[in-house]
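Please read the structure below before turning to the comments.
Chain nomenclature is as follows: A, B, C, D, E, F, G and H, assigned in order of appearance, with residue numbering initiated at 1 for each chain independently.
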Amino acid sequence: MSEAPAPVAPPVAIVMGSQSDWPTMQRAAAMLDKLGVAYDARIVSAHRTPDRLVAFAKGAEAEGFKVIIAGAGGAAHLPGMVASMTHLPVLGVPVQSKALSGQDSLLSIVQMPAGIPVGTLAIGEAGAANAGLLAAAILSTGDAELAERLKTFRAEQSASVAERPS
Amino acid sequence: MSEAPAPVAPPVAIVMGSQSDWPTMQRAAAMLDKLGVAYDARIVSAHRTPDRLVAFAKGAEAEGFKVIIAGAGGAAHLPGMVASMTHLPVLGVPVQSKALSGQDSLLSIVQMPAGIPVGTLAIGEAGAANAGLLAAAILSTGDAELAERLKTFRAEQSASVAERPS
Amino acid sequence: MSEAPAPVAPPVAIVMGSQSDWPTMQRAAAMLDKLGVAYDARIVSAHRTPDRLVAFAKGAEAEGFKVIIAGAGGAAHLPGMVASMTHLPVLGVPVQSKALSGQDSLLSIVQMPAGIPVGTLAIGEAGAANAGLLAAAILSTGDAELAERLKTFRAEQSASVAERPS
Amino acid sequence: MSEAPAPVAPPVAIVMGSQSDWPTMQRAAAMLDKLGVAYDARIVSAHRTPDRLVAFAKGAEAEGFKVIIAGAGGAAHLPGMVASMTHLPVLGVPVQSKALSGQDSLLSIVQMPAGIPVGTLAIGEAGAANAGLLAAAILSTGDAELAERLKTFRAEQSASVAERPS
Amino acid sequence: MSEAPAPVAPPVAIVMGSQSDWPTMQRAAAMLDKLGVAYDARIVSAHRTPDRLVAFAKGAEAEGFKVIIAGAGGAAHLPGMVASMTHLPVLGVPVQSKALSGQDSLLSIVQMPAGIPVGTLAIGEAGAANAGLLAAAILSTGDAELAERLKTFRAEQSASVAERPS
Amino acid sequence: MSEAPAPVAPPVAIVMGSQSDWPTMQRAAAMLDKLGVAYDARIVSAHRTPDRLVAFAKGAEAEGFKVIIAGAGGAAHLPGMVASMTHLPVLGVPVQSKALSGQDSLLSIVQMPAGIPVGTLAIGEAGAANAGLLAAAILSTGDAELAERLKTFRAEQSASVAERPS
Amino acid sequence: MSEAPAPVAPPVAIVMGSQSDWPTMQRAAAMLDKLGVAYDARIVSAHRTPDRLVAFAKGAEAEGFKVIIAGAGGAAHLPGMVASMTHLPVLGVPVQSKALSGQDSLLSIVQMPAGIPVGTLAIGEAGAANAGLLAAAILSTGDAELAERLKTFRAEQSASVAERPS
Amino acid sequence: MSEAPAPVAPPVAIVMGSQSDWPTMQRAAAMLDKLGVAYDARIVSAHRTPDRLVAFAKGAEAEGFKVIIAGAGGAAHLPGMVASMTHLPVLGVPVQSKALSGQDSLLSIVQMPAGIPVGTLAIGEAGAANAGLLAAAILSTGDAELAERLKTFRAEQSASVAERPS
């Protein structure tokens, strides 16, 4: 009697510091959807839920994640703290903050000390979309079909640029 | 038969992200020495020793600490992460960083989201000295003798300012 | 014949540079309300009412205050000047300014010279809320009941964070 | 029996936050020397000697000062606080600070709220020299001889610029 | 047959780089109106009307001006260029610019080289109002009645600050 | 008769804009050496050798590279332009520049528009070392042995942090 | 039998990174229209259409262009990359970006290394208009009629500045 | 009887605000030397020699100049003021300043209002060298031989870039 195959865990985790980051981070999710990459989106606040942070970061590999996208704003500690507790590649998205427009978020994420890397993308929605793309690029180093989908996306993107402004 | 009194834990913890922060953070220690406040100085790297971070922050109250001074540079996550795991007052010192002169350290420490405060001092040695002073001021809310020593320090400081430049 | 007990002075003073800072500083008041800490909120302009500044800062201890929260914007001198005239712990809130979004307020408050500390919080409403929290944390070093309320607040805050964005 | 004439008070006060500001502020003194304007140079720390600050600022007019030059670095509150307690014109010199190169000093001095002006000069020695010049220009509105000396200085300055680099 | 007295020239010139600076610079005019100081407001564009700039700056003393207030935004050259062609005191107002919120205006005005001073006020309307106040303070060094009006203004300003926020 | 196995291409390319970037980028090379990951280091100037740039970026996949590390300073276009011509993951290292300390390098690299991602690391040597680490983390998503070496590196790094400053 | 004269290619190319830059870059087009200088406006995305970039930049001289205006925002690589592949003069316009208001665009365009120049104009619409003017000024070095039109434009511009604000 | 040909005026003027700018601006001169373009280098201080500024800018066309390179630091008004008085193309070089590393110079030069363009190069020596290159590129729009020399320079520059770091 055959058993159903074990469900395959999604390879990408999208974590964010609060519900208010979701409008930005949805851009990462939408990009992964477009490229056919499964993901799991969660709220993990480094400051308000430190236990959840530790559990998530330490358990990420066992959950089957291959790449982690982490978005946060202001004193944005989530990406770096996740990176401190996993060897998986971590991508950081600086969410645009109210007073400083994400300059604080960017510096808090990108200026990591030697030893614990966070691959940081642009401030805001462009950065979130690109985190999805970079996660797919990372996965495509071991997934030829995804690499093809990525190339197709890129070719279509190039083709979609009009020759002249209107 | 009388027992020896239990040793009293120092009320202030000084933690820093790396050995290289010590020349800055020694200014906090020196200020506490001057005011007769005991402290314990440790290296706790949010990024390189996250387990030590969790153990320290969660155990700080039980160890008997009343105030925590945390110094770090660059993407300085130590003060905010300690604050996320204790209700004790946490004071943050932005250590001057190489490329950005501590602007990254300052924003990473001070721009905490509502819910988890870090009382942030100035970049570098002045900030470290003032963290010592502010820790003493906090402790003096419940220690009249310390309050007197603090007032004396302040009076002597005022008196030491020359009337004219030379 | 028994006398009525002397009224207990509120332990926290909230001072601000102008009426226009109140929408921000109310967040500190609201947090103290939530934690059951009494406070007195006043307008003290370092620039327009220097005599009031001196009277307030020099008299703060005698009034019974234990912690002072001071908010101001632009060339924000109020927190530092209050700190120069009292040994009580002073917490500074940089109010978001019009042209520079509070970058001027932040630097004017946080970059105090060695000798006179101001524990600085984030720019704007998050910083004001956190000033309330930090004031409570400071008071809780000598008030076990307040410490319990603070822990409860923190636990509820953690519990209120949804697992997933929606 | 004739009395000796009362000594004439110098019209310019140069105050600075600490001895370490003197190498910068000497440039103001040197410029006033060159233009034949008397001055008195003092250390008045807004933070470490607030009583001296109040006494100086409130007494400046009675001492006979006409213009006040105030230099300070970091969270530079001296110029604005002096201005808050006198109606005399106050000129501010942002001293170059260690970590932020005087960006903090500049914003702390120049971003005064409506109602209390500080005429701010450039960061560092150029600003100090120009504070001397501007003080002289202010005094020359009521002193034709000084106006002539100022014009001569300006003409000589123009004449001293070589036609070609060498 | 008696002649009418020669009209007295206003002592303050308010010049600005363009019509679009007037909403800001009106605050200077309003302050001078309040203090009973006459002024003349003109558009002088350093870049679009350099001849007018030269004529104005070189002729300012002969026109009877005692103090010049100059406001401009972006690469704000008007205050410094006026100052280069007159020994009269020049006050600069950095008008808030579109992209950089007046940071460009501020640095373009305040960072003058040694030899040609511009007393710079805050970015935007507060700075314009304070330029009016500082011009009055400068004039009051030789006008006791104006000094009294200025003191009254200051006293009323202090008195108008409410004790508590509402 | 058996043939020798085809040489395996190194999986990581390290490219930099000029020889002067090598002292920084050597930190990436050293990290890859430590982790046993082969790499090829080349100078590819986006501005001075645009043909080399195109040839490299378009040929990178065919050469067998899996991840590209690109370092540049100032108007740092190399990482983004490489990314525009390959779907491989590109990591960017902002080299510290002379006048602006790498702030220009950082913004030029990280602020990529949606569609073309560059995973950006910290300014300078820490960023270069972390680019090596992140490249290894990316490769380890398909290389269990490398993942083990990475975990060992991380464990040793944690263990090497002294408990107390000295 | 006479042939029709070969159409003369427009001397100015206006290229921009995306359709969203056109509202800004139209200001360059409008200025060239006003001065009677023909141009061709195209979308050339350095990141999304690198092949188009190479074809445009390398073919620009052969197409008959004399001056190239390139506008882009964020990590704005278009002006510098065009300049890397042509010896024609390239003028760069930093388009105002969402999070950082064009500070990223400005630094990405202006901070070119020695060897490949981009003449950079102001952020946003003023910069675009001025790129049109500067392109005309460049062309007028070899076109006396255009020089006259430019002088007329400048004279009319000066004449249009009102004497007084209203 | 043949007359000697009239001497040809150099096509490029290099002006700078002070002798101290020459070490930077020499890089422009050196580049023009290398490309065989004659120039005249002069000191013209916008602030200290405004008459010289007016005379130079208004007379530049008559002197035979085709392109003007202007370098200055701090509140750098020279490039913009020259541009206000000539229709010739003006290139601006922000000289690195002491306190703000040329950020003030850059913004003072590049943020010109619509109507008066300055083509701005990078801060410091790279910008000066590129001003020389851009001036040559501008002249080469009407000088085929210079265009060839420029292409040769560019080809040699490309060829001089080593393949690998050493």
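Criterion: contacts are C-beta pairs under 8 Å (C-beta built on N, C-alpha and C of every residue); 3 or more make two chains touch, one makes a residue touch a chain.
Labels paired with UniProt names: A, B, C, D, E, F, G, H = N5-carboxyaminoimidazole ribonucleotide mutase.
All values reported here derive from a predicted model rather than from experimental measurement.
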With contacts defined as at the top, give the pair, B-D or E-H, that has more of them.
E-H
Roughly how far is chain A from chain F, going centre to centre by Cα mean, in whole Å?
19
Measuring from the mean C-alpha position of chain C to the mean C-alpha position of chain H, what distance in angstrom results?
54
Chain G, residues touching no fewer than two other chains:
18, 48, 74-75, 100-101, 103, 110-113, 115-116, 118, 122-123, 126, 157
All pairs of touching chains?
A-B, A-C, A-F, A-G, B-C, B-D, B-F, C-D, C-E, D-E, D-H, E-G, E-H, F-G, F-H, G-H
Residue set of chain G touching chain H in the complex reads 27, 66-67, 87-89, 91, 106, 110-123, 125-126, 129-131, 133-134, 137-142, 147, 150-151, 154, 157
Give every residue of chain C touching chain A within the complex, in rising order.
96, 101-103, 122-124, 126, 157-158, 161-166
Contacts from chain H onto chain D in the complex sit at residues 16, 18-19, 21-22, 25, 41-43, 45, 48-49, 51-52, 74-75, 98-101
Touching residues on chain B, where the partner in the complex is chain A
17-18, 46-48, 50, 54, 57, 73-75, 77, 80-81, 83-85, 97, 100, 103-104, 107-113, 115-116, 118
